[in-house]
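Chain lettering (A, B and C) follows the sequence in which the chains are written, and residue indices restart at 1 in each chain.
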Amino acid sequence: MALLEVRNLTKSFGGLVAVNDVSFHVDEGEILSMIGPNGAGKTTIFNLITGVLPPDKGEIRFNGRNLVGLRPHQITELGIARTFQTIRLFPNLTVLENVMAGLHCRTKAGLWSSLFQTRVQQEEEKFIREKALEYVRFMGLEGLEFELAKNLPYGLQKRLEIARALATNPRILMLDEPAAGLNEQETSELMETITKLRDQGITIFLIEHDMKVVMGISERIIVLDNGYKIAEGTPEEIQNNPRVIEAYLGKEE
Amino acid sequence: MALPLKAIAAKRKGGGYSPPLLKGFDQGGAMDIFLQQLINGITIGSFYALIALGYTMVYGVLKLINFAHGDLFMTGSYLGLTLISMLIGAGLGNQALLLALVGVFIVVMLIVAGLGVGIERIAYRPLRRASRLAPVVSALGVAIALQNSVMLIYGPRYRVYPRGVIPPVYWQIGGLQISLLQVFVLVLSLVLMAALYYFIHYTRLGTAVRATALDHDVARLMGIDVDAIVRLIFIIGPALGAAGGIMVGLYYGRINFTLGWGYGLKAFTAAILGGIGNIPGAMLGGMLLGIFETLAAGFIPQGGAWKEAIVFLILILILIIRPRGILGERVAEKL
Amino acid sequence: MKAVLNYLRNLDRRILYGALIAGALLIPVIIRNDYWISALVLFGIWAILGLSLNIIVGYAGLFQLGHAAFWAVGAYTTAILNIYLKVPILVCMPISALVAAFFAILISRPILHLRGDYLCIVTIGFGEIVRLFLYNDPFKITGGVNGLRGIARPSIFGLEINTPTAYYYYVLFFVLITILAMQRLENSRLGRAWNYIREDELAAEAMGIDTVKAKLLAFALGAAWAGVAGNIYASRYTVIAPETFSFWNSVVMFCIVVLGGTGSIPGVFVGTAGMILLPELLRTILSSILEWRLLIFGIAMVAMMIFRPEGLWPHRRYRLELRREETSS
């Protein structure tokens, strides 16, 4: 059974059908890329899976469990984390505080234990801080823990967003155009990071336009165009698929 | 030792002029009362509509709730009082006064429009790209400052509008009674609203306004001077509100510096009811609210004391159940 | 002036707090003027109100312009329990807090999803509905326009608190507890959740934070503390009336938080001093200033938003920014 299964997913906005009867699955431990021209419905699918938008029709199952109707934070708790196409960090908070956000759903100190600073709560606070520092280090942001997120350069902001998502300890990490705006070196580093994450057991599902990244690290690719899934397969199969070539290909960076 | 409030300023205005309720004429059945209240309701509704238009236009273009708008309406009311009193003091007879009334309207509308533009320039423009909090606080500050300025100048007590500026002529149609004053108010309101509607939908400038309401940056790229459009909005909105203010003074006979608060709230509810940012919506919302309020006050015992609470309740319910209002698009929810 | 403020801000915090608390404890000894001590009692009550609203507006970033309603619920709950059922004041306090919190959860649940300025209007609406309810008194228990009178004073182990100085220490105690609680909340998982929601609610939700629950908690806690302030207020003045719990006072609370420094505890005190003590000080100097007070406040609100939107004593994180700007210019 696949880790994430999407069946007959459909979503319209007013008269426009953004996602049209799309079905696919994500296997555990793989790196799956979703590509397609702008407006094909890719981010909408991300929003549907993570509960930000409700689907009109269709099923979404994670580990056999139905996701439709759950709120986004519940879906994150189940083990799906995401980043955003336009970075959505907490701008006036520090790097460390941003990453600590991811640990919220993995800890449980509530109102009373916070007010009375119980020993459990104190230890949990220490745990949160230490774990957050680990993620900061993993994404190469050490030294910047106390910088405000809004003051970071773009490339580091993208890394911070991934660190924050990682802190939720996800089984699937969904990255929305992680390579957008990155230069060559940053892109290679990104590809290394993604592969490293996969090797640690995290399934990666990404949207991307940068073909170097897509072809370089994906095991499987899904292609969307105008709300329809028009192809699915290995990088070689996709590269030679006439429908894909017709819809869009050749965006070599 | 709570913060001392001006106890004199009661929240409720009105009572100087009672809308015709079949005084001394044959009372037809409930149907006639109903229709009579309907007419009264439409009259009051047109006040709300005029003020609501100001809210809706500013919101449509700037996505800002101009809390000071109700107080601009109130200022118009007071300025009208001053001018009319001056004219009467100068010995103008009834005929001349009626003609001069047009001039009063124009002058007051211009002054309040100027006030509106000034407020926009000083209190809103610098905050256009600031946080969501800043414009709200600033708008509240303007409202408080304006309300208090009027109080300091004119005093905290009720002020009475000169009577009979519009001669008390009544007509009877079947079991219904309509006064010249009501006809005047209705006609003027409709004329103003029609003019606005025509302007927005059938002129180039109006199209520019609509474009700016959709997207500032794109409008700018199309060559529209967004700052000028905003100034225009702050001319039209307050001017309409001021006209409404004078009409309220003429209709009810007495005004108070807290007028803006009560009317502002109701007008804002009307704007939301019709669909904020939508001009026909504001007109529709105003009418509906006026009719509802009059019918409720007429047919529900003790309705008067709870009027404001009911209006608030309506507002809250709309925002919870159908925030886009009757004619508007989705705006009130976060995403 | 700026140099003095900066120096004060950078002092080792513990020394500063110790000095402040010592100073606060000694004030009634130094100032032997009942009028001013009473003024400080009022200051204390408003500071608690400001701190309670700070949770909702400052931490969670929610617009709340009807906070006086929660204050009213607390005060009237205490008054009703005490006058009709003879419940002792101190017992009324936690009950008032709970009732206020419950009320807050009830009314905020359906409106939590609303955007800033709309939430603003709705909270104004709720505030006014509560006030009108108290004023019109449909169930004949709130005393209508004249309110309720004859509320008892609190008594601890038989000792009744009924002098200005006694009240001063009574309120000081609660103020200190409130500050302690706020600091602990700020640096806790819940406090951080509020920060995340304030910064970007969608992202917070996506990172696994139950934003609905956190926002409800913010309202509930803010209301509970306002309820406590209501209890203290009711027993201090023994008379309460609807006109105290007005929209204007909600605006004052809001200004205290925003103009003092959103989200910052010292900021709330600065704000309270400005909105409550300053007019008192000025009143003795210039009696006519009272009429101009509102006008001045209105202008001050606009000016603050334009020139110093982060408030007079901003939260630490914003001071980092300011300091950077100051050193570079």
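Just so we're on the same page, a contact is a pair of C-beta atoms (placed from the backbone, for glycine too) under 8 Å apart; a residue touches a chain by one contact, two chains touch by 3 or more.
All values derive from a computational prediction rather than experimental measurement.
With centres computed as the average of Cα coordinates, no chain lies farther from chain A than B.
With centres taken as mean CA coordinates, the chain nearest to the overall protein centre is C. The distance from the centre of chain A to the centre of chain C, with each centre set as the mean of the Cα atoms, comes to 41 Å.
Taking the mean of the C-alpha atoms as each chain's centre, chain A and chain B sit 50 Å apart. Our note on geometry: chain B versus chain C, Cα centroid distance of 34 Å, whole angstroms. Residue positions of chain C touching 2 or more other chains: 202. Annotation for chain A: no residues touch two or more other chains.
On chain C, the positions that touch chain A within their shared complex are 181, 184-185, 188-193, 195-196, 199-200, 202-212, 217, 221, 317-318, 320-321. Only residues 1-5, 7, 64-65, 122-123, 126-127, 130-138, 140-149, 152, 268, 305-306, 308-309, 312-313, 315-316, 319-320, 323, 331-335 of chain B touch chain C when the two sit together in their complex. Only residues 38, 42, 63, 65, 110-111, 113-118, 120-122, 124-126, 128-129, 132-133, 136, 201-202, 237, 243-244, 246, 248-249, 251-252, 254-255, 258-259, 262, 290-292, 294-295, 297-302, 304-306, 309 of chain C touch chain B when the two sit together in their complex.
Only residues 50, 52, 71-73, 76-77, 81-82, 84, 88-94, 97, 100-102, 104-107, 109-111, 114-115, 117, 121, 124-125, 128, 148, 164-165, 168 of chain A touch chain C when the two sit together in their complex.
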